[in-house]
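In what follows, a single structure is set out as structure tokens and then discussed.
Per-chain residue numbering starts at 1, and chain names A, B, C, D and E are given in the order in which the chains are listed.
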Amino acid sequence: METRSFKVSYSPHVHNGASVHKIMWNVFLALVPATAVSVYAFGINAVRVLFVSTFFAIFFEALALLMRKRDWKQCFDGSAALSGLLLGLTLPPGISTPIIMIGSFVAIIVAKQVFGGIGSNPFNPALTGRVFLLIAFTEPMTTWPLPRGIEQAKNYLGLATTKTADAITAATPLAAIKEHASKAMPNVSLNDLFFGLHTPGSIGEISVLALLIGAAWLLYKKIITWHIPVSTILTVFVIATITHFLSPAKYPHPFFHMFAGGLIIGAFFMATDYVTAPIWPMGKLIFGIGVGLLTIVIRLWGGYPEGISFAILIMNATTPLIDKWTVPGPFGSKTLRRQS
Amino acid sequence: MRAVKEFTKGFWRENASLVLLLGMCPTLAVTTSAFNGLGMGLATTAVLLGSNVIISLIAGIIPKKVRIPSYIVVIATLVTLVDMFMAAYAPDLHSALGLFIPLIVVNCIILGRAEAFASRNSVFYSFLDALGIGLGFAITLFVVGAIREILGNGTLTVFQYKETLINFVIYHKETIKPITVFILAPGAFLTLGFLLALKNYIDNLIKN
Amino acid sequence: MQYLLLAINSVFIGNLILSKFLGICPFLGVSRKVSTALGMSMAVLFVMTMASTVTWVLFYTLLEPFGLEYLRTIVFILVIASLVQLTEMAIQKISPALYEALGIYLPLITTNCAILGVAIDTIEKGYNFVGMLVYAVFGAIGFALALLLFAGLRERLETSDVPDAFKGAASSLIVAGILSLAFMGFSGLVPG
Amino acid sequence: MSGIKSFNGGIHPAYNKDLTSGSETVLMPAPERLVVPVGQHIGAPANPVVKKGDIVKLGQMIAEPGGFVSSPVHSPVSGKVISVQPEEHPMGSRIMAITIENDGEDTMVEHQTISEPLEKDPDELKEIVKNSGIVGMGGATFPSHVKLSPPADKPIDFIILNGAECEPYLTADHRLMLENPESIVSGLEIISHITGVKKLYIGIEINKPDAIKKITKALGKKGTVVPLAVKYPQGAEKQLIKAVTGREVPPKHLPMEVGAIVFNVATAHAINKAVTEGIPLFERIVTVTGHGVQKPGNFLVRTGTMVSEVVDFSGGYTDDAAQLILGGPMMGKSSATDGVPVIKGTGGILVLPSAEMLTDAWGPCIRCGMCLRACPNQQNPQLLGNLIEKGLFDKITEDKLEEIVLDDCFECGSCTFVCPANRPIVQFFHMAKAYFRAQKRK
Amino acid sequence: MSEILTAILVLTGVGLAAGLLLSYFSRVFYVEEDPRIDLVEEALPGANCGACGMAGCRDYAKAVATSQDVPGCPVGGPETAVKIAEIMGSEASEVEKMVALVKCAGTMERTTRRGELVGISDCRSASLIGGNKECRYGCLGYGDCMSVCPVNAIKIYSGNIAVVDPDVCIGCGLCVKACPLGIIDMVPASRTMHVLCSSKDAGAQVKKACQVGCIGCKICSRKDSSFQIEDNLAVFTGTEGNADAPFVCPNDVIVDTRVYSVLSFVESEKAREHFTNAKEKFKTLEREERARIAAEKKAALEKAKNSEKKDDEKIKKSAEKQSRED
């Protein structure tokens, strides 16, 4: 009897075609509106920052893979590029190129490849890079050129602007609040914050609208779930509301906290990073509340005007514990509980 | 040559910080400048020398039950001596190292060497062992301090005593911005982490 | 209020491990598993409170009146060592279950520089009795927090594909570095 | 549609059922030589009662049960036993098998037919089911008489027939429901009579409207047809019970814990045949399908027929046939050779061309959580997969997770199906099961 | 002066108080623990490898101190056993140094392949799906044993055969546990004769699957009684064995490590060639011997025919003797 030999593999023998690659490029796609707005607002400078951060992220990834004797082509799987782009989006537009390179190095090598590359990093690479730069190069990291084409720059927030070699700079709305916490509340239009063309800030955080468009795409493609962003933003909103109504002169309006700074980009694009966020719905809610809480605490009472980067990094550290303690019961455990 | 072996092992093969992972607290805490690291290393070496010699001398007469307490008393006495000596002759360094001078008492290197080596070996070898391990530790601290200082401040302080200051400027803060985070706590962890990895990497290379 | 700030300061800003570098040895050694880290944290909390209290009392009743401040190191370490040993024996006798859970960490604590460090630091900073107590308890809580977070992260690293050179202490130190970086976000939370 | 029921989790694979759902079942003549393994069911293997040289008749018992959870094996043809020795088994091991040379006569062994089964004593009927070697034909091959004997302290409320057939490609049950609805309903009545349970359900996925129609018609007022959402693994026992009754079977427990017993429609058909016609289980409908065969179709095949012969009969392989899967693509077993016999649980022969084979390149887990959402058992495939990959079995034991691996995961493959990193999670679980079983034996 | 005095007094006081307190409470809180545990632990190698089956050396020491029936420490070997026996005051149970042996020589060229595995490259996993060789007892060669070996004594050769270096092996037995097929055995290091096959299949099946598989023909056991056939598989139970045994095996499954190392026997084509030549030579010799005996027998019989009955018994005896020797 004639028999035939076949290739043997493990079940299941079909797959839905999802891949890490596709997920990463979808997130990229979701960041396109924010990138476009930033390029419009900050011009060639934004392009430079984003290009350098992304390019060097991929470069360091390839370097690390080569050193680890892995297939260097894996550097194009999108994860390194995404980390690089996100890093670039969190930097001020005027930052110098060597500093961006250091940021990419920290993000890819120190925060990711040291622990084994994709999937292994305990902390969000982009944010690690950003926080490192913030603490290492405080001054350049807190110099914010104004978006171009603003005639009323001098009157912006009623604050003095400074003229440096190539741009007019001013404090971000959050920094302005911090500096003036004891004096009068600077008047910032929520409209400006929402559309983002008239406020200084990190490249990617200025336009809330553009970020929300991207976030909607991610939610639509089911790449992220609502748990983390909603719980984060809600926590910030609730605490900001309470403090605002307790002392309106001292604490700004809750919508100001929602739209100013990096809350939106952080909540939707950074805190939801698969690798560093909890995995179960319950854990995601706890994580989100933690991020929101820490963010608003640092914003209102801490030394830094913006706290979301620190908040996410600190909560990243709690992820393994949250994961450990929020595992839901398996199928049918409800029945058991009812019986006993 | 056993003597040579006992002396040299501390520099690489049994390096206290990098291999045995002992005395990590001072390695991280006081290495904000190369000289601070060196000072701490030498202070530790001094205590280690004293304790190793004394303990190898008296090991025979100490009853087994009170072994550890006796060692601690000896070490604590030596540490207090060094503390006072430094306060008198190198006040700058003393204040820079601060809390970590009395904490030499609980530096596992010293008790570890006493327990594992000095109590079982002759005075001569104990002395060499202490010298090797101590200097190895001091050099490691110096290197960690040097890296942190260069990256975080752009300088390299080799010697500092009262008015005398030997200080190399590696680059100017005005032209190149130093990565100040290396002087701070996170920089200590990162520097030592990468140094350890480098050591492992070289070891792996040698092994293969 | 003053004590609240001191508490926040001890847990977050001046964290024993992440900013003062005290107790690094157990931090690296006993953080392989969350359960172990929990046991160690409890043991440290217990011993640190007790040791700080006893040494504080001893310092202000015995050493200072006699002008023997220079005997601080030697007396403190002696007291701590006997205290730890005493506790160990007591627990072993009174509650074997507790001994199983905590006892095995006790010998490690003698050489934990966090204990002696805090004891000496309270004297150097000149805290009063309540300040000392707050400092010791919340210092230990800060220690526990860092240790627990760290243990969780290390448990996760075990399933990661860490490069050979970074296996073990190296990657742990870098985790600690990033954690310390993140904790710097708390700076400025407490004035002064 | 609110009437359509389902469970949480699950996936939507491409069903590919139209390859064969339209082709009527074709009777395949018994080949010249059949290799009948004694292990065709879960539980203790049967013990051969014939030896080399014996003459056997069609339907004669050739191996007796090796215990309570075991089942006899019957000769699928009449002829001569030419060897009793270990042979290749579809599950990949080598197991004792009885090779019979077919004399082509199909002389049937003495048997009794019962025209009015519902008047008979239930215990007598149960005995017939037991002696006829009826096992669960959905693939699990659990001996049916065991299911028909629930302990007295577990009252049974529901009997559910499983017509979901959620595995992609397979249409054997679908065809059976279309071609033999009365037999299925009669089988269900016999089961109801044996167990004394009056609430009868037949769950069918709504992608088989013709089957729903036919079964509803045949069933009349005797029970209820439950339309089920098209989702994999809808046909898994616990998920089916959840969908039909809303009850969740607790982990490590049998369906009878929540008062339900589930049978496959093919099992009901086999029970009916055994009771009314006195024909034991020695043939079944096999779907031969996939783009690796020339003419996909459904065939009524005797157990012991070589897979190669079935494929030949159907029309042969295509040139680029690369992978042979016994069962469906989700839970079926990839076989290295087609020199293995069809057994009672073989519902499908799926042949994939090399172009449809999956890549074996997989990457590290990125913790996206898709597997957790897909898992119909709300398990933790992410963590366990990672631990097993690194061989950290001690850690699993420490956190008391091995019971999940051993008892709860039924390897439906949903997690692996959705994993963007293409991780072989099911295989990790499979390995862990082997490890812990070995551990337990020690 | 008085300052020094107070210092001394305080120190002594503190020391005294601590010492008294401790010694008092050590009596109050005394918990009995066998002092021998510490001694035994000190005598152990301290590798904490778990090869003995306990959770580390301390656990082993506890077990030794509390019960008599504890297996010897496989890593420490006889030396440690003697030391422990001294501490425990009992006779050392003789512990022989054991090494691991992979009982398979079926390299790629010598075996029939089956299927082609796509997916996890790992023995445990491959064994579940039926392996990659026709033979179910053949080394899968994905190196599960290699990865658990603490001393790197195992390497994978010829693509899919694991071979243990007996000089490096410390006999911890971890590879035995790691092998899903159970084809690794611990054998005494002094043993020089090994059967390099684990197949319990019937002869015909083995022949189909492998060129160097044991078919259970019993020729070796007839030649040397220390070979025994269990489940169609020859098992060697002695230590040295008859030097001719490898030559009589029709499928070349037996290796004599005094002549070839296991590695060269499995891996080196040259060694195999050499072995085949030697075997040929041995066979020719044996054939000549057999021919000689047959000739003698024939001659004797003829002689007997020729001579009278008086020689009959004598001849019969010699013939019997010769036939026995056959």
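Keep this in mind: a contact is a pair of C-beta atoms (placed from the backbone, for glycine too) under 8 Å apart; a residue touches a chain by one contact, two chains touch by 3 or more.
Just so it is clear, the model here is predicted, and its values are computed rather than measured.
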For chain A and chain C, chains touching each: B, D, E
Chain pair that, of all pairs, has the most C-beta pairs in contact: A-D
Reference chain D; chain at largest CA-centroid distance: B
Whole-Å gap separating chain D and chain E, where each centre is the average of the chain's CA atoms: 43
Distance between the centres, which are taken as Cα means, of chain D and chain C, whole angstrom: 59
Distance from the mean Cα position of chain C to that of chain B, given in whole angstrom: 22
Shared-contact residues (touching 2 or more other chains) in chain A: 5-10, 110, 114, 116-117, 119-120, 132, 135
In chain E, residues with contacts to at least two other chains: 15, 18-19, 114-116, 118-120, 125, 129-130
Junction residues of chain C, two or more chains touched: 71, 74, 78, 81-82, 160-161, 166, 170-171, 174, 177-178, 181, 184
Residues of chain A that touch chain C when the two form their complex: 68, 110-111, 113-117, 119-120, 122-123, 128, 131-132, 135, 294, 297-298, 301-304, 307, 309-311, 313-314, 316-321, 324
Sites on chain D touched by chain A in the complex: 8, 11-14, 33, 168, 238, 242, 247-251, 253, 257-258, 306, 308-309, 317, 321-325, 329-339, 350, 352, 354, 357-358, 360, 363-370, 372, 376-380, 382-383, 404, 408, 411, 413, 416-422, 424, 426-427, 430
Touch list for chain A against partner chain D, complex: 1-16, 18-20, 22-23, 77, 79, 116-120, 274-275, 277, 279-280, 323, 327-336, 339
For the chain E and chain C complex, residues of the former touching the latter: 3, 6-7, 10-11, 14-15, 18-19, 21-22, 25-26, 28-31
Residues of chain E that touch chain D when the two form their complex: 114-116, 118-120, 122, 124-125, 127-130, 136, 180, 201-202
